[in-house]
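Labels run A, B and C following the written order; every chain starts at residue 1.
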């Protein structure tokens, strides 16, 4: 048995000032960790990329890429590919914290649930965007589609649409991480939720691919996409702490 | 001020009470051994104190603050059933990650310091995936201790450790005790724990059946507390 | 006492619906769509009941997260189930409507599409509950999903509507065109009857939830020994 040493102790002083700066730094720590871990193994991005190319190949049998009509809905096709391939990456987002109970340590750490979520969402965003930026030229080649006519508009749609997929996928990744049938529940919850964002992205991409700009009458879809992104990001930041800590 | 103050805590899983009306306090510098059968609620109690879930009723304060406050979390070190380390990262990458999360000014130096203390400095660039079990456990201890928390919550830390890891852990716990850190460890390994413990608490079916100083009798005969206050 | 009220409410709902069927059958056929148009008398009230139900789900989900009172969780799941049931009625009546008019079993009409998407959203909620054993976690996560799903309701409605204005599809329910007064009255009665029916089913389901929770806790207690 042991004896108590000295009873005089107080709580350690708070170690640093400026909670705003350190919160962002913590987000960066999470982003860096996720990216480093993923780039070591490249499991998720390889699977997602292979899957994306596979879908593009399969679709080429379902629709004739050379036909004029295909150009009409090629834009929509692209987002189906992105949504499905993206889910492979997003599933891993919180699932990678399961081995060795790493999620426990993250919850115990002095990082807020919202910052943890943001870090993971940003890391997934980088990975999904990387997959998409490789799949996009392949898509252009396979389907004879000029996607670069309005390059920066295309990038803008890609950026906003991918964020929608990422934010919804990450928050549901957190929700489904510890439950049964995780691989089934994540898509089951995510896809219906993404309908408006995917519709908007599909319409805008279809426009861009057919030579129209997004500033035209379809600009309303940009508004839909931006509203979707803002609403769901806000809801996720507000609710993710409840999901992580009962 | 108490290091840990638990007052009237009830924790339910649905309608089933896993913790019933738990109340106790721990003075700073105490080493509390939390014992009890499987299913008595040790893990639930530790995790609730650590802030992983909120109790249904009752209050918990750690060093006078709520468990989930950021300042409190910076002051708690937790070891659960898993090692909470990333297999794909190296030992030093893992420790620096946690050092940064906890806002330690010179993460690399602190990480190296703790690799040395746990005897892992030679494998600092090795991936955790390649470590032996004992090495993984020692690194887990480094992770929990490196931000120098005032309160350590350890859930069965001696389970499945090799001798070297047990020695390291005991040494570090004694060191922590000498710095007046508060330790709560749940355990089945009564002998190792009671050597270090200043106090003992016995949980039985979610209730505190006994809480008091660890006497020479208890250290000598670990089964004593069970026999006297518990059930079998 | 409570059971008697529920019984009366249920019987009253059925009586109203039965009477309305007679009244509706005697209405003259609608100009462009004939008698098939009369499905609207059940299609629209089903939608009204569904929308009320998912609204109740949102409110009680938020209340559960705030108060941790499981009674709110029980109401949330009961009303979501009822909501999904009425959405299904909406889908089926929509399909039955499309068949005689267009000869097809489905049309991507904006309202039907919205109904389908909401149906999938809330089906996800129900499937999630199935996948979680532990009651507190189940209630908490379901509440979060319910909030997310409800955010989708207005966004879905407007998005799908804009999509349909750009990509027209067979529309069989135009909101323009006059609706005779006595038809509106019957419609009102039907909406009331559907809401009463919804309330009865929710109440019955609530009791079932309560019993289930008691069973669960007894089972856990038994295991603990």
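To be clear about the criterion, contacts are C-beta pairs under 8 Å (C-beta built on N, C-alpha and C of every residue); 3 or more make two chains touch, one makes a residue touch a chain.
As the structure is a prediction and not an experimental result, all values here were calculated from the model.
> Whose Cα centre is nearest the centre of all Cα atoms in view?
Chain A is the most central one.
> Report the chain whose mean Cα position is at the greatest distance from that of subunit C.
Greatest centre separation from subunit C goes to chain B.
> Between which chains do we find the greatest number of C-beta pairs in contact?
A-B
> Report the inter-chain centroid distance for subunit A and subunit B in whole angstrom, where each centroid is the mean of the CA atoms.
35
> In whole angstrom, what separates the CA-based centres of subunit B and subunit C?
Their C-alpha centroids are separated by 50 Å.
> Which integer distance in Å separates the CA centroid of subunit A from that of subunit C?
32
> By residue number and range, which residues of subunit C touch two or more other chains?
In subunit C, residues 136 touch at least two other chains, as defined above.
> Which residues does subunit A have that touch at least 2 chains other than itself?
If we look for residues of subunit A contacting two or more partner chains, we find 246.
> State the interface residues of subunit B toward subunit C in the complex, per the touch definition above.
Touching subunit C from subunit B are residues 12-16, 39, 56, 205.
> Contact residues on subunit C for subunit B in the complex?
Touch residues, subunit C against subunit B: 68, 134-136, 213-214, 216-217, 220-221, 224.
> Under the stated contact criterion, what part of subunit A meets subunit B in this complex?
1-12, 14-16, 19, 22, 25-26, 29, 33, 36-37, 40-41, 99-102, 104-105, 107-112, 245-246
> State the interface residues of subunit B toward subunit A in the complex, per the touch definition above.
Contacts found on subunit B: 1, 3, 27-31, 50-54, 63-65, 68, 70-71, 73-76, 78, 80-89, 93, 97-98, 100-105, 143, 148-150, 174, 177-181, 194-198, 214-216, 218-219.
> Given the complex with subunit A, which residues does subunit C contribute to the contact?
Those in contact with subunit A are residues 65, 117, 120-121, 123-124, 127-128, 131-133, 136-137, 140-141, 144-145, 147-149, 151-152, 155-156, 158-160, 162-163, 166.
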